[in-house]
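Residue numbering begins at 1 within each chain, and the chains themselves are lettered A, B and C in the order written.
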């Protein structure tokens, strides 16, 4: 039993924890540049997290155990997901235990508990944020599953490593089902990670916030964990997209020497993804809440079309 | 260019045609509709030219050029002028809401796939699987005509249906004989002129292009 | 040669009338053009009678007994309609309902419409059949909205959209037909020629042809006015100028049915089952019942008679679907006499509505006293159309009924029900119109005598004595449609 896969696994965890805030900072920097402002710097998220960890927790009197437990759960599930997605290499021991459906379920648990925590204290903002979040997720989750299924139809397996290997091995890009799934995935990423046009991550206005409303009551180390988990979620979705649709550069199983190269490729792809993300964010305006059903319906439609075209056209 | 690659590109274009059909189904803004229609025509003419290249049928080049001039340039231009002159409201109301329309569209795609199964079995062409997409575009055009209340949208649905039929002709049979295609194109052009005239009549008489206004002829009245 | 004149004259006349259509002499040019077309039609019919079915124009045109008799009918009715339209449109013009441009447009489109119908009948190419059918629709769309009233525009819009949708389905059916034909006949224009297709119909793929027939049925069936695709018909036929209603009811429906029957012949040859016929029978019967019951609710006279057209086309479709020599003979005869009787009715109704300046049946009264020709013309016309002996429609309906009792006895009650209800409804509605005293607002007018009398005489003659050549013609056509 070789030790190499476990080292790769640990390496992935480390990269996840360290690079996720970097990616968030990169996105923020690009956004500020595109809007003509001075950015707070690439490493500001790190400083924010460190600052938050050193502060006290201000807890409401009627907070239950759910409120205290949720940040740890959310953080833990994000880290776990990082163990399944082939960020650096497809040779992950945890991949054998969990496939894409488990991934979706892990995110679902995190979201469920966040929503509960939002309602836990009993403030109006929290409840509002929770209900909005649930509405979005009830529409986004089928779309996400459909998109994932489309890719897994092509790869004939739901294991992510398997998918990456199949796509890596040279099926051409022109498959309509994959193209549709990619479009659907982009829309879903925007919805799940709470970026514009679904939700503005920088707002605290009652009219517009969704994710922020749920974590409004958190402070200190709890808030640090939630924020970090949020950054990790964005990182994970982007790397999931990269792994599923643009897997070139990921080290194949058993090839240790390719890991550093894979890391370089990863950074490169993250840079480009960040640019792309910011282009979407600056180009679009936040949608009205009632229009979100159409947005997510379109995502579902695209994913279903992808699945259908797999059967019809391929 | 080998057959396999060409088949994949054609499949990809077919998927894009279907995507534009759905896009038109849910699009609210008038200019967006016209642009989507032009894109659909573009994908169609590229696909036809490609099929002509692969199968060696030169009359398909002429059809492709015809589609290009008619459906990508001329008709969108006419529609654009109409929308401008009539100062049409950008918003269109629908009979059913947008997500339901999308679901019905998906159901139609599945239905057309089933319906064209016998043709798929006996065809030997590289484009045989595209007949389902073509029939689906026809049905989605039909759905668009049924669920929209604005006269211009109904006409665009009609034209989208014609697009689907043209696509069906190229995918099932490598294109109909040229004389027939020319005739069909002529009919489409005449229809375009007629509906242009129509819009002005409707607008002057009803002062709006909402089709619901034209519901006076009823039974027993 | 005859063919060339037959197709060329309407086209030429359309071009001429586009420029001079609003002059005083325009209706006369219209009549002259139609008369020349009719003579060419007779000539062509004679050639076919002597020589049998013939290909012309290098296989592009095919003339056999089935379509030549329809061609003669078409040119005849358009000639008489042109005569009627002279008086009628002059009155409309005087009353200010149509302007200069409208008259030019009207005359030009009238001739173009005739050209499209004749092309539809005589072409050998199934694709060109479709194109001509679409052309016929398009040339009449703007004619329906000629008066520019809100209801007219609505009727024309419905006509355009519904027939456009229907015809698109027919195009898809034609594509599928071409697909099946290509396998056997190779590519190119030859695969769409009806003569070739009927020759090899046994080897065409049955599943594809059945699918194609469904689309063709929906497509051309919309143009025939079969329920449930008939919504455009009452509006379109009642809102346009009466001559247009006459040719639409009398001729275009026939031609759409002709296209449908040609396709059915191909499908039958391929599938060797009765599916196509069953579908036609179903639609036909549905049309008969629905139209018959709708007749009771009408208040507008032209609308009522267009429902009557739907019913009669339903009878013809039913008979063609039933198949067999008696039913087919009956259906062919029915197409002929219905066309003559219905257009005659529309002529009288047109004059009646002009006398009262209204199409509401409540407003039209005392026709026999006010203008005997119009009154008695309408009376006889209605008697003819409901199938009373000794008129020709009785013969055709009797034949169809006999065939139904023989081949499909279970459907006979429904058929009888439809016929009976229509009989009662039409009489009940027309009776107050023709009898009674002359109301004060009725205006006298000069009417076009000739068309009505000619049509009614023909229907009567055919009812009593079937001329030999006509008999032979029908027999040959029946043989072709086996």
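Following the convention adopted for this analysis, a contact is a pair of C-beta atoms (placed from the backbone, for glycine too) under 8 Å apart; a residue touches a chain by one contact, two chains touch by 3 or more.
Computed from a prediction, not measured in an experiment: that's the story for all the values here.
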item: Shared interface partners, meaning chains that touch chain A and chain C; value: B
item: Centroid-based (C-alpha) most distant chain relative to chain A; value: C
item: Innermost chain by mean C-alpha position; value: B
item: Separation of mean Cα positions, chain C and chain A [Å, integer]; value: 66
item: Whole-Å gap between the CA centroids of chain A and chain B; value: 38
item: Centre-to-centre distance between chain C and chain B (centres being mean Cα positions), rounded to whole Å; value: 31
item: For the chain C and chain B complex, residues of the former touching the latter; value: 125, 127-128, 130-131, 134-135, 138, 141-142, 145, 148-151, 153-158, 160-161, 164-165, 168, 171-172, 175-176, 178-179, 182-183, 187-189, 191-192, 205, 207-208, 211, 234-235, 239, 294, 297-300
item: Parts of chain B lying in touch with chain A, wherever the complex brings them together; value: 5, 8-9, 11-12, 14-16, 18-19, 22, 26, 98-99, 102, 105-106, 109-110, 113, 129-130, 132-133
item: Footprint of chain B on chain A - complex, ascending; value: 172, 174-176, 179-180, 293-294, 297-298, 300-302, 304-305, 308-309, 311-314
item: Complex interface listing, chain B residues touching chain C; value: 115-116, 118-119, 122-123, 135, 138, 142, 145, 151, 154, 158, 161-162, 165, 168-169, 172-174, 176-177, 179-180, 183-184, 186-187, 190-191, 194-195, 197-198, 201-202, 205-206, 211, 214-217, 219-221
